[in-house]
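Read through the structures below before going on.
Both complexes below contain subunit A, partnered by subunit B and then by subunit C.
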Partner chain A sequence: MASASQLASSLSPSASPQLAKRAELSAIDASTKLPALFFFGSAVLWLIVGTLFALIASFKMHTPTFLGDYEWLTFGRVRTAHLNAVIYGWSVNASFGVAFWLMARLSRAELRHSGMLLIASAFWNVGVTLGIYGILTGDSTSIEWLEFPSYATPLLFFAYALVGAWTVITFRFGRSKHIYVSQWYILAALFWFPWLYSVAQIMLIFSPARGTVQSLVNWWFAHNVLGLWFTPIGLGAVYYFLPKVLGKPIHSYYLSVLGFWSLAIFYNWAGVHHLIGGPVPIWVQTAGITASFMMVIPVIVTAINHHLTMIGNFSKLKYSPTLRFIVFGAVAYTFTSLQGSSMSIRSWSEVTHFTQYTIGHSHAGMYAFFSMVMFGSIYYILPRILLKEWPSAKLISLHFWSTALGVIFMVLALSIAGVKQGIDLNTLPVGADGHTGSPVPFLEIVKNTIPWLKLRSYAGILMTIGHVAFAINFVWMLLKARPAGVTAPTLFRDVPELEVSR
Partner chain B sequence: MSTSNDNSPSDKKGHIEHAGATDESIQRVHAILLREQDEPKEGFTPMPLFLLGFISAMIFLGSVYFVQNRGDFDPLVYDTRYDAEAAKAAASAPKALTPEQIIAKGKVLYNTCASCHTPSGMGVPGAFPPLAGSEWVNGSEEVLVRILLHGLAGPVTVKGSIYNGNMPAFGPGGGYSWNDEKISQVLSYVRQEWGNTGTAITAERVAEIRKLEASRSKPWSEAELLPLEKR
Partner chain C sequence: MNRAPLIFLGIFFAIAFSWTGIILTNQISYGSLTPYVNADDGKAYPQSVPGDAARGKLVYQDLGCIYCHTQQVRQPGFGIDIERGWGERGSVARDYIRESRVFLGTMRTGPDLRNVGTRFAGQGGREWHIKHFYDPTITSAGSIMAPYRFLFETKAIIGDASPKAVQSLLPENHQPVAGSEIVLKQRGEDLIAYMLSLKDPELYPEEATKVYVPKAEPAKTEHGAHGAESNKEAAK
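Entry: the complex of A and B
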């Protein structure tokens, strides 16, 4: 490392501090190259696999006979396979890659013994493959978000321990004196996830708790994976790429601190709002609802911080793929979180919970926010570790528009279907408990959702097109030769004032 | 240029110092890095004041909501409509029995009466009057309650036959000393069994009559009761 910066400064003494910094970054990027590629490659593969499962499950919702004769592809299995493939396959693989790449850069430390991360990646992906296979053959544990059979989970835990340890070591040996906000989020997430995962595994599968405690642990885990793993990784990425692409500092350190700590304090409580009306002591439910509402604080604070950083630069969305995906994700984060808080209100939860509305909400969170941020991050990271440009701006554009429109249509369709479904399900006969409506027969309620579920399938096809475009671009980039001359970034359109000429 | 320069600088230690590393090749390797912006920094703009107000308001409202819906921190309370005062009152109040439960309890108590009046309520001709179809049983509760409280002595006409015996007192002073609930239950039973058409008698009604006749210590006679029957 030292040699690279020394060389850079000796070559051009006038530009030495700047060049030295860049040389250091170059060395750090290079040290992350193989594991990051392995994680991102697996992520893209799982994204495609998970999307196919999603399409099958979605079609079965309105055309139950579709692939109805295959035991492995019954709805209960294929829907579960979809969830686990996109969560543990796509999202976690992508977040691992982004997390240690960001950590290495921000800590100013090269990854040591990056071979260990390759081993971790191998273990993780073998674990996920085994788990998906187990689900398809009927070995699912039937516990939401933890469906992987117990012969797959130890592999995941081992892989996780390696990634977590390596990222923390990278942080520990970093040269950076300052700890940037993205690092807080990533470090915290690295500690929170093993806590969640091990407690949930022990209390639900290896030595199950009794009675309603199980449902409490289950929702505590399932909701916190979103809030204490995916959210911090996603926000960490936004906090890095937003100022990075814009070339201006994050608006306020104080808002970053407030946003981080209020998330850390409140999120952990919020999962219980899935059990509103259930056989859980009312004070626990109330604590969950209150915490869900207090989550408005970190969300608003973070949104203000991001918006005031972004303000005045919206025209750059025309050019930068990374910025466009990241900003879409950040806006979706604000929307989804506020929607989530509102869904914890008792009277609104009675309508929306157990309907398609909840499915729409989870896609807004995991896709419109998290996945879009990961797409943006990968668009930024890959050219730096491969030292090549993305082959096709058109494919990136196709990827953005089909996934952005796809997820918007999907969330809208499911939300409308869900609200109607919930209101109809809650309509009691005349006179019962003071109600005046006339109840809709259950089968009618189911039939009413069909047009919306079809719209969801079409939105899914649109997103699949985007994913395929992304995968083609990814593989094409891996295979294409490194060009001889200086290259320009792959942007949606040419920028005249770009620092590097063509 | 040598192929080793196609790798990034840190791949092999020292390879950059290779003589083949020209200005141009270094720049090419760093091209993507050179054009990127500096590593992100944080600005230190102070927090806007309205945000402080907003956060304080959220914390205040959250606390109020939590306190109002805490359900007394009782692990057995599952519903926001829970009211601690009402729950306590309901727990201490005697449980109201359903008409079916009253009849069932009365039936058990009737085992005592059945030794004379017989389980079928037909009585023993010449000795003990019947309860089934009896005008006394189906008649005024004023009379019936009084008979049970203090007993009945001397001749009495039931369904056209005269019986001359002694009905023991089940109220104060008698050997049984049944409370208002027991008396009301057994009377409700006999008034609705065997095709009888009388109404149920409440424990409150028994208590009232017991209070009215608190000074009485001897059994009733038919002559004393007949005026009450007409009332």
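Entry: the complex of A and C
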């Protein structure tokens, strides 16, 4: 590569900076190839496994006798296996790959000793496998988001430390003088996660705090995994790919800095909104509500920045798969975050908390935002490290439409079910004559949710189709022979000349 | 210009701030709450749970009941938990201080279980749970609670029938073939012991002055019953 660029620059000096930059990028991409493939490959595998668990759990919710006699597949276990497979299996594996790939590119540093990252990946995936196995066989801790039994956690911790260290080292030895906002996000996430994880392990498992202090630790951890790990990685990716694919700079540098710091300050405190009305001190609930509200600032700032970058370029959505997924994710981020802030209002929390509405909200966040951004990122990164293109644009299109529609239906179904459920659970009905009646019988509330739970299952089937399309394309791409000569990115359709020159 | 150290400092400060505020402060302020010793009976409340119930809690943990059930009663005026009969009062922090793992829960696909031991108690309660765990629709038509039939075993009767056999409680369609019987496994016994043990004591004096708002007048309930009647009337 290097010699080719030297040759090129000696032939045509004017083209040299461009070419040299290309060559440098290729060398950096090449250095990340094996570990990135390993992380993305395992991510896709966990996505499929996690989706299967999800389907089983979802069917059980309206048809409890479905696989009802298998202890290891009982609802409480399979639902937990689903959550942990898609969070620690799919999402974290994908975010590792995206994080160090982005870091290497943005820091202009080749990944050194990438074998260490392969070891990390092996440890991480063995840890997740052990953890899921533990949950299915009855060793779950039943602490939400920390269900993995304690024999899995040291492996995860070790793997995490390796990935974190390697990414920071890559940053440290980079040639780039400037620190781009995506790097801020990734560095912060890498630092925040181990702190969260160690405090949670110590105060919940090794030496549990007394009483409901545990619940505070639990939700400080669980909500911050979203806010201080997945959100920064997701936003970091949006901040990189959006301008990259559009070929124009991000709308405003200052807004991105403001967005970053306000997120760092406010998100931290927001987790307590999971305990509104619960047996924890009122002042800390109020602090959580306030912080959740202040989250409107980083969200709006980031939204303005993303959407103003995008404006005037919507026609490009027709062509670029990466852009389509990323833009969907960015819009979902704005929606979910505002929804989340509203859910912390005491009277709205009174209705929506403890219901399917919350489940809908978490899918809006982890799926419609985060997972869609990861899909988009993988569609961009893989061709660069494999030097070949996605075999089928049709499969990408199928992936996009079935997951996009699927998650929209799912969130809608759960939200409607949840609001109805929450109102019936928490308010006394008022009769036609103005008298308040007695509470709606519990079994009637159960009955009312069932049609929506079925709709959720159908939405889940739609998303499964998308995941299978993605997995097929992924494997097919790995097996496909590399074409000779230059490759062009896979687009949904041929771009008219005009679009390119613009 | 290398701003990395500055950025790092800010990142560190952000999380240190929330950790200090949410966790450290609360750990200091109520992380060492102690039980309340009642001068009349000399007992310390909340009381510790007996061994079989403690084992049952582990069964509750490993089967993941927490994903459908909460264990926290909302305060009066916030939701209608008390009107639903889920407790006499809202839950307070002191209720949980003996629990090595707190299962507040976040989901109410099923009812709150904090005081389920008062709703189903004694032998009658035990039998209700047996039927309910075997197949929730026996006691609760239309329930979507998971069945826990694997907490039972069906085995051939050898010699005398077991005194612990439970099939007599089950309806026709769940009867085992002749010559065999259904018994509850030890895990099932423990889980039921845990269910029967779940109830919070009456209020501790300190909390009484701070968070407890007296229940609405009994007249309200009559009112409620009347409302229900008129609803039925309207439905007709």
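The rule we apply is simple: the second predicted complex is superposed on the first by the 476 of 502 C-alpha atoms of A that agree within 3 Å, B and C clash if a C-alpha of one lies under 4 Å from a C-alpha of the other, contacts with A are read in each partner's own complex, and residues count from 1 in each chain.
Just so we're on the same page, a contact is a pair of C-beta atoms (placed from the backbone, for glycine too) under 8 Å apart; a residue touches a chain by one contact, two chains touch by 3 or more.
Computed from a predicted model, the values in this text were never measured in an experiment.
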item	value
Which of subunit B and subunit C A:Pro243 touches, first, second, both or neither	first
Partner chain in contact with A:Thr141 - subunit B first, subunit C second, else both or neither	second
Partner chain in contact with A:Thr290 - subunit B first, subunit C second, else both or neither	first
First (subunit B), second (subunit C), both or neither touched by A:Pro281	both
Partner chain in contact with A:Trp184 - subunit B first, subunit C second, else both or neither	second
Interface residues of subunit A shared between complexes with subunit B and subunit C	278-281, 287, 346
Subunit A to subunit B touching residues, read off their complex	1, 3-4, 7-8, 11-12, 19, 21-23, 25-27, 29-31, 33, 105-106, 110, 180-182, 239-240, 242-247, 249-256, 258, 278-283, 286-287, 289-290, 293-294, 296-297, 300-301, 304, 308-309, 346, 383-384, 387, 389, 482, 484-487, 489, 498-500
Complex interface listing, subunit C residues touching subunit A	1-4, 7-8, 10-12, 14-15, 17-19, 21-23, 25-27, 29-33, 60-68, 70, 72, 74-75, 78-80, 83-84, 90-97, 99-111, 136, 140-150, 223-228, 230-231, 234
Residue ranges of subunit B in contact with subunit A within the complex	6-11, 13-14, 16-17, 21, 23, 26-48, 51, 54-55, 58-59, 61-62, 65-66, 69-80, 82
Touching residues on subunit A, where the partner in the complex is subunit C	60-62, 64-65, 68-71, 74-77, 79-80, 138-144, 177, 179, 184, 187-188, 191-192, 195-196, 199, 203-204, 208-217, 220, 224, 228, 261, 264-265, 268-269, 271-272, 274-275, 277-281, 284, 287-288, 346, 350, 353-355, 358-359, 425-433, 435-439, 442-443, 446-447, 450, 453
